[in-house]
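Once you scroll down, you'll see the structures, which are given as structure tokens.
Next, two complexes with chain A in common: one pairs it with chain B, the other with chain C.
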Partner chain A sequence: MNLAQQLINGIVLGHAYALIAIGWTVLLGVARLVNFGHGQMYMLGAFVTWYTVSRLGLPYLVAVPAAMLAGVAVGYVMQRVMLQLTLKQDLVSIMIVTLGFGYVLNGAAALVFGSTGQILETPLSRLDIYWGDLWLTWQDVALVVAAIVFFIVLKYVIDHTAVGRTARMVAEDPPLALLAGINVKKVYLGVFAFEGAAVALAAALVAPRTPILTSMGFDEVIVTFVVVVLGGIGSVLGSYFAGLALGLFTAFFGALVSPAYTTAAAFLVMIAMLVLRPGGFAAAPGSR
Partner chain B sequence: MIPMLETRDLAAVYGGNRALAIPHLAVAAGELVGVVGANGAGKSTLVNSLLGWSRGRPRISGEVTLAGEALSHLPSFERVRKGLLLIPEGKLVFATMSVEDNLLAVGGQLLGDRRRAYALDDIYDLFPGLKERRGHLGAQLSGGERQMLGIARALRLGPRALLLDEPSIGLAPRLVATVLATVKQLAADGLAVLLVEQNVRAAIEVVDRLVLIERGSIVAQGPAGAMRDDPRIAEAYLGAHAT
Partner chain C sequence: MAPALRLALIVAIAAAGLFAPALLGGTGAVYSAAVLIAIFAVMAYGLDMIVSDLGEVSLAHTVFFAIGAYAAAMLATRLGLGPVATLLGAIILAVVAAAILGVVTLRLKEFVFSLVTYAVAVVAMTVAANWEFLGGSDGLRGIPPFTLAPLGLRAETDAQLWPVAYGLLLVTLYLMHAFRRSRLGQAAVMVHLNPRLATMSGIDPKRTRLQIFLLSAPVTAAAGWLYAYQRSFVSADLLETYFLILMLTSVVLVGRRLLLGPLIGVALVQIQEKFFSFGGYVDKIVLGSVLVVVLAFLPGGLVGLGRSLVALGRRRGESVAGSMPDVRTVKD
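On to the complex of A and B.
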């Protein structure tokens, strides 16, 4: 086994995980919401990208925003449907509704895109980089760079802009936010739209690494779950480091032990973390 | 004269229990009206209902007008934007946000004429203590500082009418005087102010008019001077030998 190669794999995988999870992190942090249709939204993002590139013949750079737009639409509709549940913070119903929504997306996608596997090729995914006996693609580089830029911008927006302050107010105390003149419903809709856009962006960048199927989504929602919990619920920086850690763990565990047990091992680590450090990586009060 | 803030037939019902029934109440611009009454009388329900707001789930009905404009059909946050500001009982600052973020998070909206939205510097002039603690989290503030921050955040939104729910609760006597003096000054600057106070002795010194609430209804009201001698106020709130 080549340690340096596993390090590269882990770093790429880690940034993929962080990017896949970030929408849910913000959703949970700001709106105290969960979305078990997250994985299917990832699938939809991947297929919209694929369709735009392979069927419509449009450039990848057009396909990425197209997928994000589809994500925004789905997120918005989903939140519109369950706004009353959100306002009541009825988490159990929200869990079931989002899970159901995922299955609807799954079925609709199979109907539209067919149930055979596809390869999402981008101009970058075929461009290899060799460095000694190390290998990665330009798609991997793009993914890592995009993830880092995305996290930096997001962190800045949350900490230092009016939009971020509004989101933080709603996150802490929705009734008090109303008294500050904030349209809380609009923030909830916006957060879900953001979640849709973020997971679609992740899909457009990450999905070219593996064949895509309309039945996928389960692995992605599990990864998201682990990252969000490890990172400290709602923490942006925590999610970044949790994603990176999970990526490195997966790469090295897969190489050193066996890829078959990676998910089980990742959950063991998560359970241990939850017991030993219940706040996740970002356990400091008020951090995000 | 059109009152700045006026309500008719304001009622609130908690799961079948009527907690509030106010046929009419009006506050003029520049007027400071005190609301007093025992625990559970409905003081908080009154100021909350004016905004259609609550942390519970009451059914609220009735008319509310601000500067002659009907607000009753608007959600709470729209009423706030029209200039009806509430500094609520209990939790009134964002604990996970810095003092400055608490203030920056609101304000800056385009306001109609004759409304003053305080700039950050105005706020710090009015409350120098907040300037010193601008970097601290809301959670790190003392009770008095929280009240200041609550009032300051309301001022950032360009209020026409200010509703304060027991701003002096838990404060040392000297701080009570400071807070009430600030409130008095804001009324003198032209705001309509409704001040809920348990501390009747302190409130009666600053308010123009006093309203006594029992079981959700107004049972007595009048100018502060006259209410001082009202037996219901004197006995229950000022002690038998009060002047």
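On to the complex of A and C.
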């Protein structure tokens, strides 16, 4: 095993994981909502990117916003349908509804895009960088840079802008926010639209690394869970470092032990976290 | 109605149910659908206890279903055991798995509990698909037909398997009925609806949840056990989301805490898929949409919808009948 190569793989994977999970982190931290259709939204983002590039023949730079737009639409529709449940904070029903949406997306994507695997090629994924015996693609570089920029902008928006303040207020106390004249419904719809856009962006950047299938999305969900648990609920910075840690863990586990069981291993890490410090996790906002 | 008469009526209806597939034409397709409805209904009842009574969502019930099926397949093909022994094995394994999962998640509530159970289901699928011991991606083939020599039963076809499936369904229905009247069943509802009152009444919510988890897992596993004989092979596809969505939809479709709710729910979904199918992908969209629509717009399920329609009709009728609303309606 080449240590430096695995380190690079781990860092790239880590940024991919952080980006995949960020929608959920914000959803949970800002709106105290969950989305079990997250993995299927990732799948949809990847397929919209693929369709735009290889079927419509449009440039990758057009495909990325197209995928994000599709993500926004799906997120908005989803939240629109379950708005009453959200206002009642009926998390049990919300979980099942989002799971149902994921299943619908899965069926719809198979109907539209077919059930065969596809390769999502971008102009950057074909450009290799060799550095001694180390290897990565420009797609990997773009992914890391985009993730870092995305996290910096997001952190700034949540902490220092009016939009961020409003969202945080709704998360803290929805009835009070309502009294303060904030349109709570709009915030919920906005947060879900953001979740859709974020996961679609992640898909457009990460999916070129592996073949894509309409049945995929489950590994991404586990990754998201682990990042959210490790990083602390709703913590943007926490989920960045958790993503990075998970990426490194996955790269080394895959190289040293077995690539087939990386998801299972990541899951065991999460269980260990939950058992070792259940109080810390259970006491976090949103886990009521 | 006198209790004896009531019992006789229930027994008569239950006995009549055995002949339902024959009355519906008795073709192979009808028997297949009937067997699958019975098996999937049993599967759904396991989850029904958790969702309807306890008010939480376990997404790991596909794992118990798969454990039941894999236990039957492994014990039958590798050790040559008969259905009774494999059922015992399936139940023991499911209880052990539920105990481990239940203890680990004991302190987790609501969505964290669901999140972990969902993760368990996803990870179980990757393990089942990769572990050679469980047959890997090929699964396990060549499960012998369901045979009970003392009863002279050898089920080569779905028609021959139907009495077994129906029997399992009746046992499950009885179990659900007894559970809802039991102390544990009452405790579950109290924990669900009023946790503080439950604690004050000396009920430990965590203990109750663990007990119900241990009771519900073998029910779903028993369904998996029979499904293995029905299909004569098992593979990692048992852990697919389909079974989870099917379970959840059947539990919420008709209405919660109704004894026959999940059975009717499963039957509606299976009849649509077997006899009025629009193709696999569209069926997926239909099933997922039904789940979404029921939860988002019909919190009381079809029964709740029926009730509000009846109430609406009655109110209309009353307002037409007399311009002065009577005292009762004002009070409503």
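In this text, the second predicted complex is superposed on the first by the 276 of 288 C-alpha atoms of A that agree within 3 Å, B and C clash if a C-alpha of one lies under 4 Å from a C-alpha of the other, contacts with A are read in each partner's own complex, and residues count from 1 in each chain.
Everything that follows uses one rule, which is that a contact is a pair of C-beta atoms (placed from the backbone, for glycine too) under 8 Å apart; a residue touches a chain by one contact, two chains touch by 3 or more.
All values derive from a computational prediction rather than experimental measurement.
> Check the residue A:Leu179 against both partner chains and state whether it touches chain B (first), chain C (second), both, or neither.
first
> Tell me which touches more residues of chain A here: chain C or chain B.
C
> Once the shared chain is lined up, is A:Ala108 touching chain B (first), chain C (second), both, or neither of them?
second
> Please indicate which partner A:Val257 is in contact with in the superposed arrangement: first for chain B, second for chain C, both, or neither.
A:Val257 contacts neither chain B nor chain C.
> May I ask you to decide whether A:Met95 touches chain B, chain C, both, or neither, giving the answer as first, second, both or neither?
A:Met95 sits against chain C, while chain B stays out of touch.
> Taking the superposition as given, does A:Arg165 touch the first partner, chain B, the second, chain C, both, or neither?
first
> Just chain B (first), just chain C (second), both, or neither: which does A:Leu274 touch?
Once the two structures are laid over each other on A, A:Leu274 reaches chain C alone.
> Per the contact definition in the header, classify A:Leu56: touching chain B only (first), chain C only (second), both, or neither.
After superposition on chain A, A:Leu56 lies in contact with neither partner.
> Once the two structures are fitted together, what part of chain A is touched by chain B and by chain C alike?
In the superposed arrangement, which is not itself an observed complex, chain A uses residues 286 for both chain B and chain C.
> Using the touch definition up top, name the residues of chain A that touch chain B in the complex.
Its residues touching chain B are 162, 165-166, 168-169, 171-173, 175-184, 285-286.
> Per the contact definition, I'd like the list of chain B residues that touch chain A in the complex.
So the residues of chain B in touch with chain A come to 51, 53-55, 75-77, 80-81, 85-86, 88, 91-92, 94-97, 101, 104-106, 108-109, 137, 139, 153, 157.
> Mind listing the chain A positions that touch chain C in their complex?
34, 36, 81-82, 84-85, 91-93, 95-97, 99-104, 106-108, 110-111, 218-219, 221-222, 225, 260-261, 263-264, 267, 270-271, 274-275, 278, 281-282, 286-288
> Help me check something: in the complex, which residues belonging to chain C touch chain A?
Those residues of chain C that touch chain A are 51, 55-57, 59, 104, 107-112, 114-116, 118-120, 122-123, 125-127, 130, 241, 244-245, 248-249, 252, 280-285, 287-289, 291-292, 295-296, 299.
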